[in-house]
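Heads up, there are several structures right after this.
Below are two complexes that have chain A in common, paired first with chain B and then with chain C.
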Partner chain A sequence: MTYSIQESRTDEVLRISGLKIYYKGDLGLVKAVDGVSLSINRGSSLAIVGESGSGKTTLGHAIMRLLPYNAVIAGGEIIFNGRNVLSLSKEELRKLRGYRLTMVFQEPSAALNPVFKIGSFLKDVLKKGKGASMSESELKEEMISLLRKVRIPSPEEVLNKYPHELSGGMKQRVLIAAAIANGPDLMIADEPTSALDVSVQAQILKLLDELRAKMGLSLIFITHNLGVAAQVSDQIAVMYAGKIMELAPTSSIFETPKHPYTSMLLKTIPTIRRELKKEGLAAIPGSLPDLTSPPPGCRFHPRCPMAMEDCRKVDPEPIEVEKGHFVSCLLYRDKA
Partner chain B sequence: MSGFLESLLTPQNKMLLRKLRRNKNVLLGGVLVLIFIAIAILSPIISPYSPTSGNLSEALRPPSSNHPFGTDYLGRDILSRVIWGARISLVVAVGGIAISILSGAIIGGFAGYIGGAIDDLTMGVVNILLAFPDILLALFVAAVTGPGLENVILAIGVYNFPQFARIARGAVISVKTSDYVEAARASGETKSSIFFRYVLPNSMSPIVVHATLRTAASILTAAGLSFLGLGVQPPTPEWGAMISEALYYLDAAPYMWVFPGIFLVLTVLGFNLLGDGLNDVLNPRIKD
Partner chain C sequence: MLLIPTLLGASIIIFLMIHFLPGDPAQILAGPDATLQDIQNMRIRLGLDKPLPVQYFLFMERLLTWNLGNSLVSGFPITSLIVPRFLNTLKLALLAISISLAIGIVLGIVAALKRNTTVDRIVMIFALLGVSMPVFLLAVLLIVIFSIKLHILPATVIGSTPSIRHLVLPSLTLGLIGAAPIARMTRSSMIEALSQEYIKTSEAFGFSIRKIILVYALRNALIPVVTVAGLNFGYLLAGAVITETVFAYPGLGRLIVDSIFARDYPVVQFGLMMIVALFAVVNTVVDVLYALINPRVRLE
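This part shows the complex of A and B:
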């Protein structure tokens, strides 16, 4: 069973079906991603939201096939532009990365090589794609226009600077410039604003959204923050313990959340109103299950206030409760 | 040129410079090393006599205004020989260290980068080499290849290699897991480009510190090899060889060994102080 938002699939950039990624650990296999399916269309954006350890980063890295050595792909496929990323040769993969498929990382200060000036870093990126046959002056022009696109003031100067001379927000803009340099089809942003302060965070989110709209870029946005997800995504996938619990258009997630986990997650967002009423911060009792031996049935049942007898036994399949709104919960099995 | 220099004066570099200037070891060591290097480079200009030809009728003269350090048993001017000796020591040390940095950084760095069986194998060999006292390694290479300047350089290179290989491996392992390496992989850089452009340059600072420390030991070892007759051959003015020649005149002409000895000690001291100081400043794990 595969999630799909729109009927027409001609414009599909990425389709993941039944993806399973396990880590080999001392205590056995850690089932970090366990049967995830989703798809994303050209020009649209999907936020993958979940707690630490829910498998969202593993999922994002799997699309780039940037998995650590102890990761095992136990099943499923990742179809990007019609080809399965998991069966590409290293050479084909290398040509895809940084060109059709790019990534922005969480920590901008750590993601730039400290020994390169911004100019030589961007030049490298461009030379792999559309800058391959450009002259030096054309390359420079292209770099400057790229930096303009990501709203960097005085781009000529920035080209001559080292990463440590830029602020965190500027570095993240440079990394975004690199990620869009060759006009990719899909950009994966792994918590790109978590290391930035809130005002810079808002600028970066706005920038990403603009670029997506302008360039027809598809965006996968990995975050633990529902508020951030709301600002940049058309759809949200809520992950818990390696599975997608609910996938729906962003407005439906906020207005009519179906899964008990989603509702509880929404209540944990601190708001001024709740603060004033001294309600304190809501928390979901319990913690993520041990993924070497996840609970049988629904993985959320030990923490779920609505858990029924069957939740211990039956692993719920995704059910389309409304058009484009999928939920994996036994509460809705009559509606299937 | 001034633009280039200015571009080096970033706030971080300025702070580094201030830290370097405050460090007394760096200051004293740096002065000694600079004097040594200046003598080595300027030796043809500043040495008053030829270092290799002497006047036998003036042999074994004690220090005088004509020969401030005296003359040796062949009547050669000791001051000139000491000055040229600096040049030989510099060539041997720099050449030997360059060989060991290149081979050590590439082989050790490669092992750390690849990991797995290649790493185990390489480090096995390096550990075996490390198990020998390093002077023994140098002696072994010098004995096999025979005496001569090039062979001393090679011996110094081999003698330092295992340490540089280990240090480079450690540095590379810590750098290869950094985010910018992962980002480079995500942007489709080739493995060799990641190794040479991302991993190696960022692994250099412990190697540089170790290189200054090893320069001192290398100068000493090269002098030792020459002292034993396995190194640079007469009549080349080499400090160790000069001390060795002075053995027969220990009390009759102490100036024959005292002056090269003093220069050897001061040079080694200078490099050691500089290396220790650099280690204090550059090593992030040591905080003041």
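This part shows the complex of A and C:
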């Protein structure tokens, strides 16, 4: 069963079905992603939200095929622009990356090579695609216009700077500029604002949303923060222990959350109103299960306040409770 | 710029060291049958009767005006003794450091890419041998193999102008030994560079493996290698003294050793100064290179 928000699939950029990614560890296989299916349309944006260890980053890296050496793809497909990324050769992958499929990372300071100037990095990226046959002066113009697109002041100077001469926010803008340089179809942003100041975070989120709308690119935004997800996404997929618990339009997730886990996550978002009422923050009791031997049935049942007898035995299938609103929870099984 | 104070300090140490060596040059130069008066006359002729500070200033004056005087033993002008020998040593040292860098960096990269495999282990055993083997042992081994068994290269230099063929074995000796620490440093810094986030970024942007290894990672990995290579140059000059002696290579090192035995102390002093100056200049070049490849240093 595949999640899909719209009936028409002609404009589908990415479709993941039944994806399973396990890590080989000393204690056995860690089932980091265990049967994930989703799809994303051209120009839309999907936030994947979950706690650390929920498998959201593994999922993002799997789409890029940037998995560590001990990862095993145990099943499923990742269809990007009609081709299965998992069966591409290294050379085909190399052509895809940085061109049709790009990624923005969590730590802009670590992600930029410290010994190369910004201009040299952007030039290398452009030469892969758009800039392949450009002259030096055309390349420079293209780089300047790219830096303008990501709102970098005095772009000409920045081209001549080294990463350590820029602030964290500026570095992330540079990486975003590189990610959009060749007009990609899909950009995966893995916690791109987690390492930045809150005020800078907001600017970067706004920028990503603008670029998506302007360039018609699709965005997968990986975050642990539902509040951040709300600002950049059309749909949200809530992940827990390697599975998608709920996938719905962003407004539905906030207004009518169906899964008990989603409801509990929403209560963990700090708000000023709660602070003033001295309610404190709700925490979800317990911790993520051991993914080498996940609990049988629903993976959330040990922490779920609404757990029933069947939750220990039956692994819930996604159910479309409203149009485009999928939830994997036995509470809704009579609505299937 | 630490170049000037370094050279000044070195000049004082070199000047004093010679004066604390056992044996009186005046007595030796005056010959075995000299009377006390002869020795005293010789001492006055050499300027050794003057107080030490005065002698030091005279020494510096000769050095700075490049008017080094004559050898006490042969009577030839010291300049004409030192300069060709210095150039020979410079040739040897530059060739050796080039061999060290070429072999060390290539082996280090290969070992890093094949880490924990047989290839890596073989390279590391080679590096361990290189670090532990004395220069004279390798020199003799190379002579045995290439000169005595295979007869393809000359073992010693006859005359004062060595040809390229004469340079091969001495520079190989020094180069192979210098390659070992460079290979080890390249391996470890390459492994570190390859594990950095920016390498993942390069992969995510689909750059070729070749470019990722030889440009993005290597450029970072070379930063500590440059430092090691610079320090290594000092050991190389020290090793050159032994190597030159083994191969009878007409370099500055051998001139200094011969002059020490002959108590020809002005030649020793000025020869040592030349080696110190060379090392100081190399270190300055390394500092400049370091700033060139590591932009983060330039701010300081």
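One rule holds for everything that comes next: the second predicted complex is superposed on the first by the 336 of 336 C-alpha atoms of A that agree within 3 Å, B and C clash if a C-alpha of one lies under 4 Å from a C-alpha of the other, contacts with A are read in each partner's own complex, and residues count from 1 in each chain.
Basically, a contact is a pair of C-beta atoms (placed from the backbone, for glycine too) under 8 Å apart; a residue touches a chain by one contact, two chains touch by 3 or more.
In this text the structure is predicted, and so the values were computed from the model without any measurement.
K.L.:
Would chain B and chain C fit next to each other on chain A once aligned, or clash?
P.N.:
clash
K.L.:
Scan A:64 for contacts with chain B and chain C and give back first, second, both or neither.
P.N.:
both
K.L.:
Check whether A:111 is in contact with chain B, with chain C, with both or with neither, and answer first, second, both or neither.
P.N.:
In the superposition, A:111 touches chain B and chain C alike.
K.L.:
So, does A:102 touch the first partner chain B, the second partner chain C, both, or neither?
P.N.:
A:102: touches chain B and chain C.
K.L.:
A:51 in the overlay: touching chain B, chain C, both, or neither? Say first, second, both or neither.
P.N.:
Neither partner.
K.L.:
Please report the chain A residues shared by its interface with chain B and its interface with chain C.
P.N.:
64, 66, 93-99, 102-103, 105, 107, 110-116, 124-125, 128, 162, 164, 175, 178
K.L.:
Note which residues of chain A are touching chain C in the complex, please.
P.N.:
64, 66, 93-99, 102-103, 105, 107, 110-116, 124-125, 128, 162, 164, 175, 178
K.L.:
Under the touch definition given earlier, write down the residues of chain B that touch chain A in their complex.
P.N.:
These residues of chain B touch chain A: 7, 10-12, 178-180, 182-190, 197-198, 201-202.
K.L.:
In the complex formed with chain A, which residues of chain C make contact?
P.N.:
Its residues touching chain A are 196-198, 200-208, 211, 216, 219-220, 223, 293-296.
K.L.:
Quick check on the complex: what are the chain A residues that touch chain B?
P.N.:
The touching residues are 64, 66, 93-99, 102-103, 105-107, 110-116, 124-125, 128, 160, 162, 164-165, 175, 178.
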